[in-house]
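Naming follows writing order (A, B, C, D, E, F, G and H), and every chain is counted from residue 1.
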Amino acid sequence: MLVATGRVIVSRCEEKQIRAIKRAVPKDAILQTYARAKIVVMKKKDYSIRKTGGKIGLLTAGTSDIPVAEEAKVIAEEMGCTVFASYDLGVAGIHRVMQPLKELIAKNVDVIIVVAGREGALSSVVAGIVDVPVIAVPTSNSYGFGEKGLGALMAMLQSCSLGLAVVNIDGGIAAGAVATLIANRAAKFRTNI
Amino acid sequence: MLVATGRVIVSRCEEKQIRAIKRAVPKDAILQTYARAKIVVMKKKDYSIRKTGGKIGLLTAGTSDIPVAEEAKVIAEEMGCTVFASYDLGVAGIHRVMQPLKELIAKNVDVIIVVAGREGALSSVVAGIVDVPVIAVPTSNSYGFGEKGLGALMAMLQSCSLGLAVVNIDGGIAAGAVATLIANRAAKFRTNI
Amino acid sequence: MLVATGRVIVSRCEEKQIRAIKRAVPKDAILQTYARAKIVVMKKKDYSIRKTGGKIGLLTAGTSDIPVAEEAKVIAEEMGCTVFASYDLGVAGIHRVMQPLKELIAKNVDVIIVVAGREGALSSVVAGIVDVPVIAVPTSNSYGFGEKGLGALMAMLQSCSLGLAVVNIDGGIAAGAVATLIANRAAKFRTNI
Amino acid sequence: MLVATGRVIVSRCEEKQIRAIKRAVPKDAILQTYARAKIVVMKKKDYSIRKTGGKIGLLTAGTSDIPVAEEAKVIAEEMGCTVFASYDLGVAGIHRVMQPLKELIAKNVDVIIVVAGREGALSSVVAGIVDVPVIAVPTSNSYGFGEKGLGALMAMLQSCSLGLAVVNIDGGIAAGAVATLIANRAAKFRTNI
Amino acid sequence: MLVATGRVIVSRCEEKQIRAIKRAVPKDAILQTYARAKIVVMKKKDYSIRKTGGKIGLLTAGTSDIPVAEEAKVIAEEMGCTVFASYDLGVAGIHRVMQPLKELIAKNVDVIIVVAGREGALSSVVAGIVDVPVIAVPTSNSYGFGEKGLGALMAMLQSCSLGLAVVNIDGGIAAGAVATLIANRAAKFRTNI
Amino acid sequence: MLVATGRVIVSRCEEKQIRAIKRAVPKDAILQTYARAKIVVMKKKDYSIRKTGGKIGLLTAGTSDIPVAEEAKVIAEEMGCTVFASYDLGVAGIHRVMQPLKELIAKNVDVIIVVAGREGALSSVVAGIVDVPVIAVPTSNSYGFGEKGLGALMAMLQSCSLGLAVVNIDGGIAAGAVATLIANRAAKFRTNI
Amino acid sequence: MLVATGRVIVSRCEEKQIRAIKRAVPKDAILQTYARAKIVVMKKKDYSIRKTGGKIGLLTAGTSDIPVAEEAKVIAEEMGCTVFASYDLGVAGIHRVMQPLKELIAKNVDVIIVVAGREGALSSVVAGIVDVPVIAVPTSNSYGFGEKGLGALMAMLQSCSLGLAVVNIDGGIAAGAVATLIANRAAKFRTNI
Amino acid sequence: MLVATGRVIVSRCEEKQIRAIKRAVPKDAILQTYARAKIVVMKKKDYSIRKTGGKIGLLTAGTSDIPVAEEAKVIAEEMGCTVFASYDLGVAGIHRVMQPLKELIAKNVDVIIVVAGREGALSSVVAGIVDVPVIAVPTSNSYGFGEKGLGALMAMLQSCSLGLAVVNIDGGIAAGAVATLIANRAAKFRTNI
């Protein structure tokens, strides 16, 4: 696969697997490991990502949502986008949401990915404010009734805010991929100018 | 029961039942009907509610949540509290939440009841801002996955905001009753002064 | 609301409600009723939709999925997009999928909405072929285990195809709104040229 | 955080984490570890809890519910309340419930937290007797159908007794926080006298 | 069937069906209709129930549980048992439970059927006091989360009290049948004396 | 407890716990360990079980259901009953069921406990043949959809056969206790003769 | 469609729809209505079913399962098979199962469809005896926990008997179609002889 | 058992169990271990499988579905069938499905087993194309909402394609057994020619 496309992306890699992959890197290739995202990218040394100009905003509600967000980030960057990330905004303190959101809007992003566990309210709040599409990612950071991300998934699908679509629980890669398609579509015409 | 306590409260009364009750009102009693709350209160003419001084804030996310909120309101008022209600705040437009909330805080309420369906995010937002206890009531205003209020219930139980407890779906009466106990407890000592 | 914005959109209107609305149309307004979508749009006579240039593909698996698709179509058109719809493609006969899909690709749509009930497989098949974002809408056309659209929702969230995000069951309006944001974002830069 | 507020509270700490924290205690701070509650509190040496005068009753149905109850206790005490705890009352033997309940009533508590797993019946029984608000905490002490606390959560939300609100499964901290707000609200006016 | 066994029992009969059955009663038969139980028994005029001596206690938590209890009662009586019923004991008021229970114990019943909806706590309380087997019947009298009797079923299966077995939701006939087998087994030897 | 009642029964004991208990046996007591039932009984040396004369049949569908059955057996025997057990009857081969069932009937048992996982059909088959009460115990021996005993529990509660009541999944102790109450009730009068 | 293939099959037809279809029958066609199966077949007068020689056994547990069984029967017969049906075998009385089963075996059927609601045990019993493939159809004839056919579906998927596959709840047409493919496959080679 | 039938098949064998079995092989027997299927077959040296002539197609959607497919394969081959397997067809790339499917059709297989996790769409696609019966096996290869194979099971039961029946999640052995019965039934008559 490395030979065919010049790049291999492996997600959900545990420590042990990363070490095994490290030993298998060919001479003409390099290995990039993203610890928090648990993603490993092996590339031909002469491989370079083609920048598309797509711009993606990326927000998380809590610190424990960051690994899922990082999955989305790595995928989006590997597919040519620029990602503007701001982590741990919370909802319990709504005032912490506004500033990072304003900055994203100022950067004129094409789409915003919101990663949240527990009650997943951040995606509703964000989609109620911005006018770009929002991709909501429920994470499994939850407990008791609604555990394993079920509560966040339900809340996101029930969202009163329009302009929001959802991927599966902990679906960082799915979110990164669909956000990239959205951003790249916009960038394609923007960069034509 | 009317004879024993001077008052009968009947909840979840449909039109037809209200008409039947109307025909059965004794001479020395009067009937108060609360159409939106679907509650009927029959009282001896000489019955009067003892005001406790308890103060309850009452918020709904949407207009369709109002009947459940009105259930809570009638119960709380019959149990002697004063209720300050503000309906249809939404979450999609977070700015609409702030002003009514400030007014409630200014009124120094003892507890706030938040009634919300769909993703139920309003309760998290409110509990993140105020420092009085919040009673969250999920309503069955929802559709598809998480319908019948399941999504709102899960989101409220998963809430990251501390200082919040939950009653069952469409549990307006349960919310009114527990909020009244909370408010009356505070009022008991306040009015002693 | 009509006065403020020049247009009111009411969804999920039953026959009876439509008749009531018809009687309430002011002199300077007209009423458009979309029977299959159960949507009613009331507009000032001088109101005209601003065409954005956004292009949306719209596919359904079966004929019973059409009402939900039409919801999405009306919303998208009212928000300025052009919608290219092709209904009843099925999956049982995969060959019926290919031709309409080729036509959509030829039309260079910015995003494709796939509406499907039962096993919801059409969205996976479509997202596996195209390279624009896909918004999948599960419908409640299902029976037995997985009824009320649960099977389709699960299948869409589990999709192996990347580039796909999901809205709630029967969420035609949610799909129309997010697809419009995606298409309009692309169109904004395309039409700038 | 220690610098800013003088205190850090960390919940759900395992043995190993506690040891790590112990090694990181600054010179001017002390560490309190609550083994059963799995909570660690680090405080500046000159930090002292401001007693609010709030009084909380705390009951558990079984011995296995105690860790969750202790979570609530630590939080409530750190927030200034006095907690009167009585563990392992059961429901199978209803006579064991009455005596501890009478003692709590005699102590004039502002709110009672009831922690119970399995069928969670204790909260209904208690709320049927007392006239202060009850916060019910389902625990994951259950097995088979209704395991992981689901049965207790359902039973508590279905409770026929009025004056009761619920937090999530194993939500000792959530219960402690909301009970404290309730108790402190009452105490605020009581201690003003 | 009437010819073969001398008796036909039809359960879950609506008004309309009862009227139809009434018209079909042969000359040599009589019809007994149990309105609350929705059971109709058609018997040869010379048919008489053989009394077994089995004694069954029957309790309900609320008034809305009575139809299910009556189902059990009719079946048990038709199978030869004597049923001692006491309805609407509640759990919210635990004191209301004790007196009827003492009377059942005094009557030396062989088994007690407990019929309860909502949180179903009555069965746990009863089984914790008596030393005869308890058959618990959850009813569909519930709302919101745990509706349709699910909460009561879970609570009954989770019961900490030993000596209790459960039938399906609204399973009055199933409860009547198994309780009769238990009571008749004991009576068989008792009456042998 | 040993001092008070002369006997302590501990269930669900793992190897390690058994070893710990073994070291704690007082001089005047003995320890009986039931490996398959994972039950440990510690008794004063002069303690002897009072035989009640109650007779219980005990059947399992498969070999993996035996540990749960043994739980029931130990409890029933400790409470004075005689247990006639026959394991691994299956349902796939219905002919294997008949012979052991005939033997139980010949032994004139007062009640039959049926322990089964997977589809739990054995309890329906048995209750359709015998005329003594049947206590059905679903076990968690299952896989895929309906795993953890849910399928067996549902099937047992749905049983068309009358004369059957159910305990929770893997509820060997609950089954043993209720079956003992049933058998002892019958035996009480039988042995009076 | 009638023109193209000479036949139209419409399932799940209510009374009202059948009357509408009756009025629309062209002159050169006839209409066959299957009341219990709720299926209507419209055929060109010169259309005749090609008999394949496939032989299908068809069993139901109860009388209320017959409509679903009839769906399967009509489909199978329209696709050229001969169907040998025996209804209302029960499982509560296992002896009622054996005779009809022997007759099916004697008729040398290629496949057996078993239609059952409630606990769905008949399919396990049948598959444990015969050596032809069994298609199990759960029906929605059930109540309480496991209602709407969920219990039967789970039990059938959990079946210990090998040689059995399952279709969705009330899936008479699905069962008829797959059984026909199985029978026709065998018949194809049998009739070649 | 080895003595009685000449063969023992043990499924779901872990490494450790295989080693234990290896040590217990009698002199006159041999052991075949199928690592991917986790199946071990012990046979008398003179035991030989009787080829039936039954032909089974076997497809998987992904590589992680192979172990379940191999279970089916080993069982089918041990029961005398020939299995034509093609793994990792996917659905995301529909073009990858067509070629292997054409080859299976060319081989004139009697039945096709389709093994798929995630959204399980492959079975619908295959059953829509072929005219032999399809046995669909959902696997537990899934994540988030619909995890443990629930999404694939639902999708397969909801399939719009006729001619398809389903076994439980990860039910490779169940699928192998029922497919074998189907294939052998056809082969019996084919080989008679």
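By our rule, a residue touches a chain if its C-beta (ideal position, glycine included) is under 8 Å from a C-beta of that chain, and two chains touch if they have at least 3 such contacts.
These numbers were taken from a predicted model, which means no experiment stands behind them.
Shared contact partners of subunit F and subunit G are E, H.
Touching subunit B and subunit C at once are the following chains: A.
Ranked by how far their CA centres sit from the centre of subunit C, the chains are topped by F.
Relative orientation of subunit D with respect to subunit F corresponds to a rotation of 90°, obtained by superposing CA atoms and rounded to a multiple of 5. Centroid distances built from C-alpha atoms place A farthest away from subunit E.
Chain pair F-G has a twin interface among D-F, A-B or B-C; that twin, with over half of the contact pairs alike by residue number, is A-B. Per-chain CA centroids place subunit E at a distance of 38 Å from subunit G. Centre-to-centre separation of subunit C and subunit F, using mean CA positions: 58 Å.
One finds 40 Å separating the Cα centroids of subunit C and subunit H. Each of residues 143-146, 150, 153, 157-158, 162, 168, 171 in subunit G touches at least two other chains.
Pairwise, the chains that touch each other are A-B, A-C, A-D, A-H, B-C, B-D, B-E, C-G, C-H, D-E, D-F, E-F, E-G, F-G, F-H, G-H.
For subunit G in complex with subunit F, the residues that touch the partner chain are 61-62, 90-94, 118-121, 124-125, 127-129, 142-146, 150-162. Every residue of subunit A that touches subunit C in the complex is listed here, in rising order: 110-111, 131-135, 153, 157-158, 162-168, 171, 173-175, 177-178, 181-182, 185-190, 192-193.
Touching subunit D in their complex are the following residues of subunit F: 138, 140, 148-150, 153, 168-171.
The part of subunit H that touches subunit A in the complex is made up of residues 143-146.
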